[in-house]
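Each chain gets a letter, A, B, C, D and E, in the order it is written, and its residues are counted from 1.
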Amino acid sequence: MRGSRLEIRIGGTGGQGLILCAKMLADALCATGKRVAQSQTYEPTSRGGFCNSDLVVSDDEVDFPLATALDCLVLLDRLAVKPSWPLLKPGALVIADTRLCPELPEGELRVHPLPLSRTAIELGSERVANMVALGALAALAAVCTRDAIERAVRAETPKAFSS
Amino acid sequence: MHTVLQTQEQADEQAQDTRPLTGNEAIARGAWEAGVRVAAAYPGTPSTEILESLARYPVEHLYAEWSTNEKVALDVAIGASFAGSRALASMKHVGLNVAADAFMSQAYIGVNGGLVLAVCDDPGLHSSQNEQDTRIYGQFATVLVLEPSDAQEALDLTRLAFDLSEQFDTMVIVRGTTRLSHTRSRVTVGERTEHLSRGFVENPAKNVMIPAHARPRHFVVLDREARLKQYLETAPINRWETGGTSFGVVTAGTCYPYVREVLPNASVLKLGASWPLPEGLLRRYCESVDRVFVVEELEPVIEKELRALGIKAEGKEFFPRTGEFSPEIVRAGFEKAGAIEPRAGRVSWAPEPLARPPVLCAGCPHTSSFMAVRASGARVAGDIGCYTLACLDPLRGIDTMVSMGSSIGNAIGMAMAGDTKPVMATIGDSTFLHGGIPALIDAVYNQANITVLLLDNGITAMTGGQDHPGTGKTLRGKEAPRSIMKRWCAPSE
Amino acid sequence: MSGPNPSNCSAGGVQLLPVAAAAKAREPINVLIVGVGGQGVIMVSKALASLAQSKGFEVKQSEVHGMAKRGGTVFSHVRFGPQVWSPTIPKGEADILVALEWAEGLRWLPFLKPDSGIFICDTKRIVPPFACLDRHPGALLRYSRETPAEVKAHVVEGYAIDATRIAEELGNVRAANVVLIGALSMSLDFSAEDWEQALSEFVPKKTIAVNLEAFRLGRRWVERARTAPPDAQPAETPAPAYRPYKVRLEITPEWCKSCDICVKLCPERCLRLNAERTVELTDAAKCTGCRLCEWLCPDFAIRVHLDAAEAPGVVAAAEGIRP
Amino acid sequence: MNVGQPASAPKLPWRLISGNHACALGAVAAGCRFFAGYPITPSSEIAERLSRLLPLVDGVFVQMEDEIASIAAVIGASMGGVKALTATSGPGFSLKQENIGYAAGAEIPCVIVNVMRGGPSTGMPTRPAQGEIMQSRWGSHGDYPIIVLAPASVREIHDENMRAFDLAEPLRTPVVILYDQDIAQRTETVELGDANGVARAQRKWASGPPAAYQPYATGEDGIPAMSRPGAGYRVHTTGLNHAENGFPTQSPQAVERNLGRLLTKFERHRDLIDSWQTLGCDDAEVLIVAIGISARAALRALEICRARSLRAGLFRPITLWPFPENALREAASQANAVLVPEMNAGQLSLEVGRILGGKRVEAIHRFNGEPITPAEIAQRVETLAREMNQ
Amino acid sequence: MIVDSASAFDVRTYLRQEMMPHFLCPGCGHGIALRALLWAVYELGLDKDKLAVVSGIGCAGRLSAYIDANTFHVTHGRPLAYATGLALARPDLHVVVITGDGDCLAIGGNHLIHACRRNLKLTCLMLNNEVYGMTGGQVSPTTSETRLTTTTPLGNSEPNFDACTLAAAAGASFVGREVTHHVPKLKQLIRAGLEHPGFAFIEVLSDCTEIFGRKNELGSSAEMVLRQKSELRPSAYRDTVDSPFRSSDLPTGILTKTERPEYGAAYRTAAAAQRARLAASTDQNKGRT
């Protein structure tokens, strides 16, 4: 049986580093023995416009690699709300940036509004909001160990940003 | 005057500027030093280098041009003389035929600025269609003919010629030959003396040769001849070199060194001017020796004059009327005349020589042109230029050749006379511009059934590649309109 | 070669002894330089004249160009001495004859002093076009047939140098005339340094090095010719042997498509299409083996063979009879 | 997923790579040493990867002036004896068709990757589709044989690319690999086998005296031995119909003999060529037949159906052409109905209907760029099952 | 015996004689061009086994079948692209492309300009007979203006390409033109092209006598061969060419010859350098562990 299927979406707008964030998470999951399929939005959305990266995680080979019912949604921009909301499973985990995504529709969900971008700004660069989100996701969703995520982050981060 | 008996010891002491020059370069130098301001010529071997050398002097000093033909060149020089400047025209002997019309009239007019005509004869026909003697033109027109014997004299006599021209109000011919033109020897050169223009002198009776003006001018010319003769009686350019009295030699120009080579110690009257001749000097000299020999290349000009004076002169029975002289020809003449002892023959081994006529250069397009001409089966009137060589094997593409620009006229005549073959004229670009144009107009005007083949290679090639009105450049290398050929040859409306 | 003689003329403190000079010091030295248009005859004579003049001699150098530029005979007389009259050298009076071409050397031989003249000649053969009017391959050339050995038997001192090959090996065939200057310099008492100085002024700047080397090789060649035993003499290139050929056309009729190109373009008009509309040779004697038919056949139906003629043909050629 | 893959394959370090990346790695592992291509979405990453990889293995990458030149250069390289690949997408695939026909006719091995995107014409360059199922078989003019492989996962793209060379080379044929945009640009966890030391199928090279060599004469296997330029055979290769000696012919007998042999040359090698996957077919009431991303959705749909106690099975052709007909018939023997979800307006369903003559064949057709979802398939299976039971 | 190249060269030894006579019409200039090519190959002593001839579709394309070498008769317009693959994959081969004016300039024009630009070592022989001969005589990109063809019954009103100017403008490092009438010169030109270390484009002005010549009343095959000369002038007299269209008289000989890096060699050098870099860094890492 393929009961272990877990679907995660990181949604926002172009240029927020969503794909990188998803790739780090995928690497970390991979390192802990999970199988992952990760989508790459492939449209001219590098600046502005809806952008997302979906992870389908499974203990065995992933059968259908597209998101069908999200277990977990990270929202870094309000643009991602509308296309993602219908895919949410009942009781799914939603992490939303309080500044960029202040209002959310109703739903039986575990919603966590968090100051992701504000934290990043306080850290010195709004560009690390994706990493803040990854940290929050790791802590709240407990999909894999913190150690594995840290290793994946280190492997993928350009040297200039790694300190 | 330059002494021919120069030794290296004297040379060592000389502080003057000396340099090796050919006769042509020396004539150019002489003209430049004399302050010539206008020079014009049409190229022709062996005279070509005179103007080429002149064109190397500063452009501020003189204007120099390749004219379309010799008559134009002479007219340009005459014009400059009218304007009061010293002027030179140069040409080869047959070129003077083209210029003769202007030449003969000019003799009546005389000069304002000094006018010198450098004419180079070609005894032996190294590169010509005949070996006519220019001195006869001097006699014919009653003008002074100076005859240098080497490069130094070429410079000195050319310089002198300008002075005499102005002094005696006459054009002066400086006559050279191939040997003078193309022999390089040491020349002591001098500085240029500027002769500013005298300005035009308005004098229709002298400058406009209508019959009414010309009739009295003929008397002036005859009077001028008498004054020149008078001058030449004592002029240092005529040199009496003493020696034995059993015989004496009257000679001039390039014959002089041959005579000296053969007879180092003989008595010689070396004439610097071969026309007119000083009667008194000649009589005195001839009386000083038992026998008188005249050594002159080509025509017996001096010899006949001596005979006319009643002097028993010997010449052409011992020295040929044809070809170029050499020491052995001169020696043979004196031996035959019994003037010197025959020398033992110095016969070396003589294998049969290989015939090596000039040929069209490798890859020359004239070759293919004349292959086509030959294939056409036409009667071909040729003209003067490299392509004249097409008359030889293997091309054999030319049937006649007369003179510069003759081809078209000859063709008209052949066609009108009813030659059984189609008639064609072949003419080069430079020759066409020189003398072909009036004939072409004649052909069109009279509707002659001929084909004219204009062989346009864009240069006067035969004489070494001079520019002409179709090349787009002047003698001085300036850009020039080259539309002339196109305009003449464009299809008519 | 006679040694220096104190009674001879001197100039600028340098003892000058033109080797071939006659006893009388006042007689000029006559050097006749000959060749074919374009070979550099004038350059050789100018260099010699300039050198002699710099030593205080009177020099006359007389040359002919004009039509001669077109592949004709070119000659230049150089006479130098304390006093020079005639610009040309009389027949039988040349002390040295320098020829840049073999047949030209032969032509001017009568100008050499019979008793003392020195003959310096390149064995280079420039065959005039009309000497090849018979277009058959192997046809005898109308070119001088005298060999170097024959010529040497008739002159007091003679050098037949393959100067053109020497210059070619140096990498500049135009330096052949300077090889001959080198040879000439061995018979005149100007120093090698003076010669090199004079040469440097007359050759294009870029070619000074190669020309000086050519000059030295010319000197060395004569040196060896004078000193080496007969069997170790520098080799002379033999005149090319005449090689007569017979032309044979190999026609593949099955490939011929009767296009007629060969028939129409044959310069000798010796091909035709036969009744089967395939090409055939009509007159074997006319065919020169020029290969135009072979080259222009789009169907590869013609092959021209030039077969060696039998031995008698070679003998006939050597005797001057056309095969 | 591949039936040919033993379940107990040793676990190697996993990698997260995209389908196009896997395609490039598979080509290099298969011994491909020449790539010529022209940029086109969504296949360009294959070229980008190979432009880095090929120089490292002494191979050649060249970006040509268009897709026609690319396939031509690939065939040219293969004529020179080098394994060669080109990759493109819809419009480029259309441009390549004439020369694919040349490769098939002259029997020049080569591999052509076509990443399917929306069509017709320029269509939707960044959206998946499955519109070249028929073109990949029939795209060039005239009759010719061709092999088409349709991998459905990143891992399978890698492996099938290797298999493509292992078929193209010994069978002397062009092989097309079809997969859709969704897999081309999706990264998946894969473990890749170490291809080093694994003997790959080789082209059959000519041997023996050149005088006796006939470039298109064959033995029992129907595959002519190829001559490598420089090996002394000096033969002629042409796109014209040719005789055994390689030269053009219009003799009906010669053409029939050689073209007839060409058109049937795969028959003896079906065991090598055919490849498919079946899942739950033994008791399936409804058989789903699908390829690519649609097959991946069907896999998920099977889970859903099973949860709803619907007996559904899956037949997934991996070798698409020649179609594994017998295997399909066998897989469908128990089923009452067949459902073909495909991202086009009806191509695979035509072939399935033809093969399973008389059986009810339904299809889900999708051409709006959105993949068919597992839920949709499960829904249709349920409907079909209900209808069949009524 | 005479040992010059003209005597020693027997074209038949470079032909597949069993295929002869070839299928070209009587008087077709392509046969003459083929001889010149094979003569050049002979003079350079190229190994027939290492010679690959790629040809396109058309009368010119058919020539490859007659050459005793590795020959590839490919699709219309694409021989340069096939040859690019072959030459890149097999730098040890000498690759020659034979193409026609339509094959090379119309359908294959794109490949021509990029081959010129790329400068891979290839010799491209374009046989220009001004017409699509194989298909019965339609107008081609090089058909002279006013000429009659089966598709220009009123006379061609399109300007025609000057293929050499086109190639030079596209960056070809070697461009030459010659007529079939001058066989030894054509041979020399092809030889120079074969020796050129890069892409060599050679236009051969050939004659289609049976179709084009007849339609335009250009006379017999022999007259057409002779006529070639009237269209030529030596390249030394070439005016500045700024038009890609053909003027009435054409320069011949080597028109362009420049030294540019050969694509294949440059690629292989860069690849080898990259491999060496990687090997060095691998060694370094090994040293550390």
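Things to note:
Rule of thumb we're sticking to: contacts are C-beta pairs under 8 Å (C-beta built on N, C-alpha and C of every residue); 3 or more make two chains touch, one makes a residue touch a chain.
What you see is a predicted model; the values in this text were computed from it and never measured.
Traced through touching neighbours, the fewest hops from subunit B to subunit D number 3.
Steps from subunit A to subunit D, minimised over paths through touching chains, total 1. In terms of the stated touch criterion, subunit A and subunit C have no partners in common.
Chain centres were defined as the mean of their Cα atoms; on that basis the chain farthest from subunit C turns out to be A. Chain centres here are C-alpha means, and the one lying farthest from subunit D is B. The most central chain, judged by C-alpha centres against the centre of all protein C-alpha atoms, is E. Per-chain CA centroids place subunit D at a distance of 37 Å from subunit E.
If each chain is reduced to the centroid of its CA atoms, subunit A and subunit E end up 59 Å from each other. Centres computed as Cα averages put subunit A at a distance of 106 Å from subunit B.
Taken chain by chain, the contacts run in an open path, each chain touching the next and the two ends left apart. Pairs of chains meeting the touch criterion: A-D, B-C, C-E, D-E. Against subunit D, the residues of subunit E that register as touching in their complex are 16, 19, 48-50, 52, 54, 64-65, 68-75, 78, 81-90, 92-93, 110-111, 113-114, 267, 270-271, 274-275, 278. The residues of subunit B lying in touch with subunit C in their complex are 4-9, 11-12, 20, 45-46, 126-127, 150, 178-179, 182-186, 254, 257-258, 260-261, 264, 326-328, 331, 346-361, 386, 389, 392-394, 462-464. Across the complex, subunit A meets subunit D through its residues 1-2, 23, 26-27, 30, 34-40, 42-43, 61-66, 68. Residues of subunit C that touch subunit B in their complex: 9, 11-12, 36-37, 46, 49-50, 53, 55-73, 82-88, 90-93, 103-104, 106-107, 109-114, 117, 128-131, 133, 142-144, 146, 151, 154-155. Subunit C contributes residues 137, 243, 245, 254-255, 257-261, 263-265, 291, 295-301, 303, 305-308 to its touches with subunit E in the complex.
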